[in-house]
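What follows is a group of structures, each given as C-alpha cells.
There are two complexes below, and they share chain A, which is joined by chain B in the first and by chain C in the second.
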Partner chain A sequence: MPPSIPAFGTDLSIARPGVRMPRAPALLRAVRRDWPGAAAAGVLALLVALALGAPWLTGYTYDRQDLDHAFQGPGRAHWLGTDQYGRDLLTRLLYGARVSLTVGFSAVAAESIVGVAWGTVAGFYGGRLDAALMRVVDLLIAFPSLLLAVLVTGIFGPSLVTIVLALTMTAWPAMARTIRSEVVALRERDYIEAARALGARPGRMLVRHLVPNAVHLLAARATLDVSALILTEATLSFIGIGVQPPRPSWGLMISESFQFLQSHPYLVIVPATALCLTVVSFNVVGEALTERLDPRQRQRG
Partner chain B sequence: MHRRIIALVVAAALVGGVVGAWRGSPAAGQVVGVLRTPLGGEPPTADPYFATDFSSGDLSFLMYTTLVGFDSKGRLVPEGARSWEVSPNGLVYTFHLRENVRFHSGRKVTAADWKWSFERMGDPALRTSVADVVLAGIEGYDAQQKGAPGLAGIKVVDPMTLQFVLNPKARGGFLNRLAYYAAVVLDRDVVEKGGKGWYESRDAGSGPFMLREWVHNDHVTLTSDPHYFLGAPRIARVEMPIVTQATTRLSEYQAGQLDLVQVPLADFQRIKAHPALGKELLVFPRAQIIWLGPNPRVYEPFKDARVRRAFAMAIDKSKIARTVFFGFYQPAASIVPPGIPGFYSGYRGLPYDPEGAKKLLAASPFAGKLPPLVIAMNPIAQDYQMAAEAVAAMLKDNLGVDVRLQKTEFANFQQGMNRRTVFPAFMTGWAADYLDYSDYLDLLLYSKSPLDRVSYANPEFDRLVDEANAAPTEAARTSLYHKAEALAVEDAAIVPIVFTQFALLKKPYVQGLQTTPALSGWLRFNTVSVQR
Partner chain C sequence: MIRYLAYRVALTVPLLLGTALVIFLAGHYAPGDPVQVLLGDHYSPGAAARMRHELGLDRPLLVQFTTYVARAATFDFGVSYVNPARRVSDIVRQTLPTSMRLAALAVAVASAAGVLLGVWAALVPGSTLDRLIQVGVLAGLSVPSFVVAAILVLLFALRWRVLPVAGWGIPGDSVLPVTVLAAAPTAYITRISRASVRQVLAEDYVRTARSKGLHGRAILARHVLRNAALPIVTTVGMAFGYAITGAFVVEVVFNIPGMARVAVDAILQRDYTVIQTAVLVYTALFTVINLAVDLSYAALNPRVRY
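Entry: the complex of A and B
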C-alpha cells in the first residue's frame, strides 16, 4: 500500500476538520446537514408542546371575555394583548394551535390508513380490481376538494369530527394514488418474486414486504399533507363552516378580526403569522423527510 | 439594437397607456355632476316588487315613484299623489295624482297605471315579495289571492283620481305602507313588452333617475331624468360600482373613487379620530334593532316565560352597546327603534340583573339542568356576530348555561329561521322598510304573521295589536301598540339588544344629501349636487 494514501487522508481531516465529525452525535449531524429542516422541526416540537400545555400556560380561558379591556396591546397581564372582546390573545392562539394540530394529525392518520390500504391493494393485485379502485380515486380527485369539504360540513353540520371527516375525504385519494404507483413498481422486484417463489401468501407479502418499503413515501407525503390540511381547516373556519365560535381556530380568529384589519391589524397578523409559520414548517420538514427517507434521493445528496 | 429600441418604445407606450387608462377612470368620474356610491352586491333583481335586499332596494328607490313618501324627519309627504283625503270611517282613501308625473318613456302616469301596477303586485301567479305588506288591508285582496280577477278595492275615479277601499279589519298604518319603497307605479308597456327579464335593460319607472347600463357583477349606471316631477336632478349620473367587501368600499372612498359609502362599525372609531375623514363622517340613528330570538319550539326551556326572562336579564345591553359597539349603538329597552313615529321613549324594559335572573331560573323546573344552547348567527352583518359573541359569554358567566354559537351561510340561516324548527335561538336584526310600528310588532310577533319566527302566539298581544290597528286616532293606536310592545318585552318573546346607527362617509363636495333612518340611510338623490 503506497504510503501517500493515509497521509493524504490525514491531511484532509486536518485541513477541513468540520467535514468528518467522527464522534458527533447523529442528531447534530443531521442538523448540520439540513439546518432549515431542523429549525422547522424545532418550531413544530415547540408548537406541539405549547398546544399541549395551553390550559396551564396562560391562566386564562379562551372564551373568557373582559369587554372593558378589549383591544389591549401586548403587556404584562396579556402577553400578546386582547382581542375585540377582551379575550387573551395568547390563550386563543394556543387553543387555536390545538385545533389545527388535532385536525391536521387526525385527518392525516385517517387518510393514511384509507389511502395506504386502498393503494397497496390496487397496486398489488392489479388488473380489473386496480382499474376499478383507481377510477374511484380519479373521480374523487377530479372533484374540487374545498367544495367537497363544504358539502360534507354542510350536510353533517360543523363540528371537529365532521371537519376531520371532510378533510379525510378530500385527501385520501391522492395518498392512495401515490402509494399505488410505488407498489406497482415494487411488485416486480426480485425479492417479491423470491417471496412468491417461497410460497408466501399475498397478505403476508403485502404486510411484510410491500407496505414497509412504501413507508418512506407515506411519511414524507403525510407530513406535507398535514400542512395542506391545516390550511384547509383554516379556510373552512374562515368562511364560517369550520370551527364554531367561541372556540378559537386560527382561520376563525382571522375571520373574526378581519373587519378590524385597518384599525387593529395586529389581531389579524398574530394568527396569520402562526398559521403561516406552521404551514411552512410542515412543508420544510416534509421536504427534508422526502430527501432523507427516499434511498434514491439520498444517494444523490 | 434598433429593434430593441422599438420594442422599448412600444412597451413604454403600452405601460403609459395602461397607467393612463387606470388613472383615467376616476378622472372621468370627476366630471361635475356625477355621484359615485357603491352597491354592496349584485342586485338579484331590479323589479321593485321583488326587491327585498339592499342592492335591489336602493336601485328601485332611485328609479321609481310611490304615492306618498317620507322626508328626512320621517314625516309623510306627497310623492306621486299631490294630496289625499280619508273618509270619516277611515276606510276610503282618495288620492289626487300630480299632473306632471311621467314615465321615463315620456308617457303620463294616470290612475289606471296605478291600478294595473298594484294588481300586478297582488297577482297570485307572480307571488311578489311585497304584496302582503302593501296590499293586505285593501278590499278584495283576499279574493284576488283566491283567483278573482283584479283588485276590487282599487278604483279609478278619473284619470287623475285614485281610490282605495280598505276592508274593516284592515291592518293600520295604510299610508305608511304606501310609503314602502316597493309600492311604486310601473310602466305597463315596458313590463309587458320586455318579457320575463324586462328590468335588465330599461326601467319602468318615473323616478328622478333611469337605468342606463347594468353590467352584471360590475356596475350599474343611472342617468337623471330632466323631466322628473319634483324638478330635474342636479347631477347627471349616479354611478354604482358593485363592491362586496365593506373594507374595499372604504379604501375606494379614501382613494377618491367613491363619494358616498356606509362605514363598517369596526372602522367607526378610527375614522372619527381621523383628522380629515372625521369631518366627512355622518352619524345618525337607524331604525334598526339587533335582537335575540329564543325559539321555544326547539329549546324546551324557552316555553317557560321565566327562563326567557332570566336570559334577557342576564344580558348587559349597556355594556354591549358601550364596549362591543364602541358606544355608537344604544341599548334597546323596547323593540321598535327610535326613528319610527311613536317610539316608546322612557320605557325601561327588563333590567340587567344577574342575581334576579338566577332566582327566576331557580324558580323554574329547569333549574340546574339547562341543556346546552346553540345560538345561530345571521351572517349578513358582522354586527350580529359581535352581539352574539358577547351575549354567549354573559349567559355563560351569569347563568352557567353552556352556550355555543353557530355560523351559517345566509340562505341557510334565513331558511332555518323561517322554518322555526331548526335553531334553538338566533341573533339577527330588523331594519325598517317603512316607518311604522306595524313593520315591527305586526310582522315579528303577531301570531298569524309568517315572520313570527319565535312562535310567540300570545292572544293578549294579538288582541292589543288588532285594537291598535282598528284604533280611531294615531294617539290611541300608539298607546295600544306601547302596551303590546311592553307585554312582548316583559314576556321576553324576543330579547332586544341594541338600536343601531348609520355612519356614512360623504365627500365635502357632495351637497344636499337628505338622510333617513330607513333604507340605506339616504333619500332619493334628486336634491344632491356635486360641486368641485
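Entry: the complex of A and C
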C-alpha cells in the first residue's frame, strides 16, 4: 500500500497535520484513561477529609445520648437523623470513618513492614532460611483471615491495639509472599551482580537495591489490603469483639441497630452503605494501581 | 503418595503443639486470675492457695504445659471458668456438630449453585445472562456477610414474612443462615468454574470433538467438565473455609447455638479455657481441611505426584 493513502482505521488526527488533539492536563488525562479509578480515588479523598474534619464538621459528640430525640429521621438538626439512643447518626458515621481508616492504615503499615522484611530476607538469602520462613507463611495463609483475627482477639481480648495486631497477623503473610517472589526475580539482575562485584555487603544490597525495586508492588497490594482489613475490622466489631462501645465503628453501628431493622432500617442501611462504598473504592483504586504500576499484571494489551 | 500423606500428618503435630504452647503461655501471662474467677464470692487467700494447688497452678510452667497437652490429647480441656459446672469438652460436643452441619449444607448449596451458574455463564459468554451473573459474583464477593444477612432478614423475614427471623429449632430455621453462609462461596465457585470452563472450551481437543460431530451435551460431559473440574474442586475446600468462618457472623445474627457462637461469647466473657479449646479445635479443623484439599489435587490430577 502506498504510504500516501491513509489505511482504513488510521487515526486522522495524526494523519492530518493541522488537526491535533489538545494536550490535556495530567489529572484530566488520568481521569479520561480510567474514570472508575478516578471516581474511587475521589470518594476516598472525600472520606479522608471528612474523617479528619469530623470534630469541626458536627456540633455533636459521638456518645452523647438524647433519649427524647431517639429514632428521628433526617432533618435540620440532625442531617442523617438519630439512632436508638438519640445520638447523631452523621457524627457517629464520621467518627466511625476515623476508626475504620485509623485501624486500616495502622494495620497496613505494620503489615507492610513485617511483610517486606520477611519477604526480602527470604527471597534474598534463599536456601534453608527461605524454606523455613516461607513455611511459616504457608501455614498462616492456609487460615482464613477472619478466623485468624478472631483467634488473636480471643487470646489477647478485644481492644483497639488487639484489632490492629489481629489484622496485621491476617495480612502480612500474603505481603511477604508477593515481595519474596519479586526479590527472587530481582536477585539475578545485573545491577545486583554489579553491587556484589563492587563488594557491597548483603545488608546494603537489601536496603539500597532490593527493597526500593520491590516497593512498587507494595503500593497496590497495600491499597487492596486496606479494603480487606477495614472489612475484617467491621466484621469483628459487628460480632462484638472488635471496637467496643460507645466508640463508633461502622460494623458496631450495624450490629447495635440490627434489632431495629424492621422499624428503622436506615439505621443499618446508612453505615452499611458507607462500609460497602469505602471497601469497593479501595478495591477499585488498588486494581487501578496494580495495572498502572505493574505492567505484567496488565490484562488488556 | 502414602509417604506424602504420612509427612503431612506428621507436620500437624508440631503445628498443634505450637498452637497449644501459644495459647497456654498467653493464658498464663494474660491479666486476670482464673482462681479468683472460679472462686468468685468465696475468695480468700487460703481457699485460693488450696484451689491453686488442686488445679496444679503452683507447679512449674513446663509441668503445667505437659499436663495440659496430655489432657488435651484425651479431649479433656477442663471446665469453663464462667460456668464451672460445664466441661469444655461437653460444650464442644454439643455445639460443633451444629456449626459443621450448617457449613456442610452451605458448601453443598454453594457448590451446586456455583458450578451451575459458572458453567451456564461460560457457555454463553458476553450475553445478558453472563453479564448478570458477573455482576452477582462481584456483589457476592464484595458485600460483607452481615450486610447480606441484614438484606435477607429485611426482605424474607420482616417484609414478606416467609421465613423465621431468629428462632432456632423451628421449621425453616436454617434456610436464611445457610443462604448467608453460601453467598460468598457461591460467588467464588461461580467465578472459578466460569473461568475454568471457558479455558477448556478453547482447547484443541474440544474443537476436535466438535468437528468430528459429537453433540454439545456429550462434549460438555465427556471433555469439558472433566478437564475443568480440578480448579473447581479445590475451591470447594476454600468454600468450607468461608462457611466455617462465616459462622462467626451468622451464628451471632441468627442466635444459633453453634461452636462459633460459643467462641465469641467466651471471648466477651474472658472464659479462657473455652477460648483455648476453640483455638485448638479450629486449628485442627483447618489443618484437616487443608490436608484434604492438597490430597484432592493428587487424586484428581494424574500429573501431580508427591
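Quick notes
The rule is short, and it goes like this: the second predicted complex is superposed on the first by the 271 of 301 C-alpha atoms of A that agree within 3 Å, B and C clash if a C-alpha of one lies under 4 Å from a C-alpha of the other, contacts with A are read in each partner's own complex, and residues count from 1 in each chain.
Convention: a residue touches a chain if its C-beta (ideal position, glycine included) is under 8 Å from a C-beta of that chain, and two chains touch if they have at least 3 such contacts.
The shown structure was predicted, so the numbers you read here are calculated from the model rather than taken from an experiment.
Bringing the complexes onto one copy of chain A puts chain B in a clash with chain C. Legend: residue contacts after superposition of the two complexes on their common chain; A:Glu111 is shown touching neither chain B nor chain C. By the document's definition of touching, neither partner reaches A:Asp34: not chain B, not chain C.
For chain A, the partner with contacts to more residues, out of chain B and chain C, is C.
Once the two complexes are laid over each other on the shared chain, residue contacts for A:Gln262 go to chain B and to chain C alike. By the touch criterion defined above, A:Pro158 lies against chain B and chain C together after alignment on the C-alpha atoms of chain A. Once chain A of one complex is fitted onto chain A of the other, the partner contacts of A:Glu182 are absent, as it touches neither chain B nor chain C.
When the shared chain is aligned, chain C comes close enough to touch A:Ala234, but chain B does not.
When both complexes are aligned on chain A by C-alpha atoms, chain A residues 158, 240-241, 258, 261-262 touch chain B in the first and chain C in the second.
Residue ranges of chain B in contact with chain A, taken from their complex: 246-247, 250, 264-267, 269-270, 319-320, 323-324, 379, 382, 385-386, 388-390, 392-394, 396, 404-409. For chain C in complex with chain A, the residues that touch the partner chain are 15, 22-23, 26, 30, 142-147, 150, 153-154, 158, 241-242, 244-246, 248-249, 252-253, 263-264, 266-268, 270, 275, 278-279, 282-283, 286, 290. On the side of chain A, the complex with chain C involves touching residues 139, 142-144, 146-147, 150-151, 153-158, 231, 234-235, 238-241, 251, 254-255, 258, 261-262, 265, 268, 272, 275-276, 279-280, 283. Looking at the complex, you find that chain A touches chain B at residues 63-65, 67-68, 70, 84-86, 158, 240-241, 244-246, 256, 258-263.
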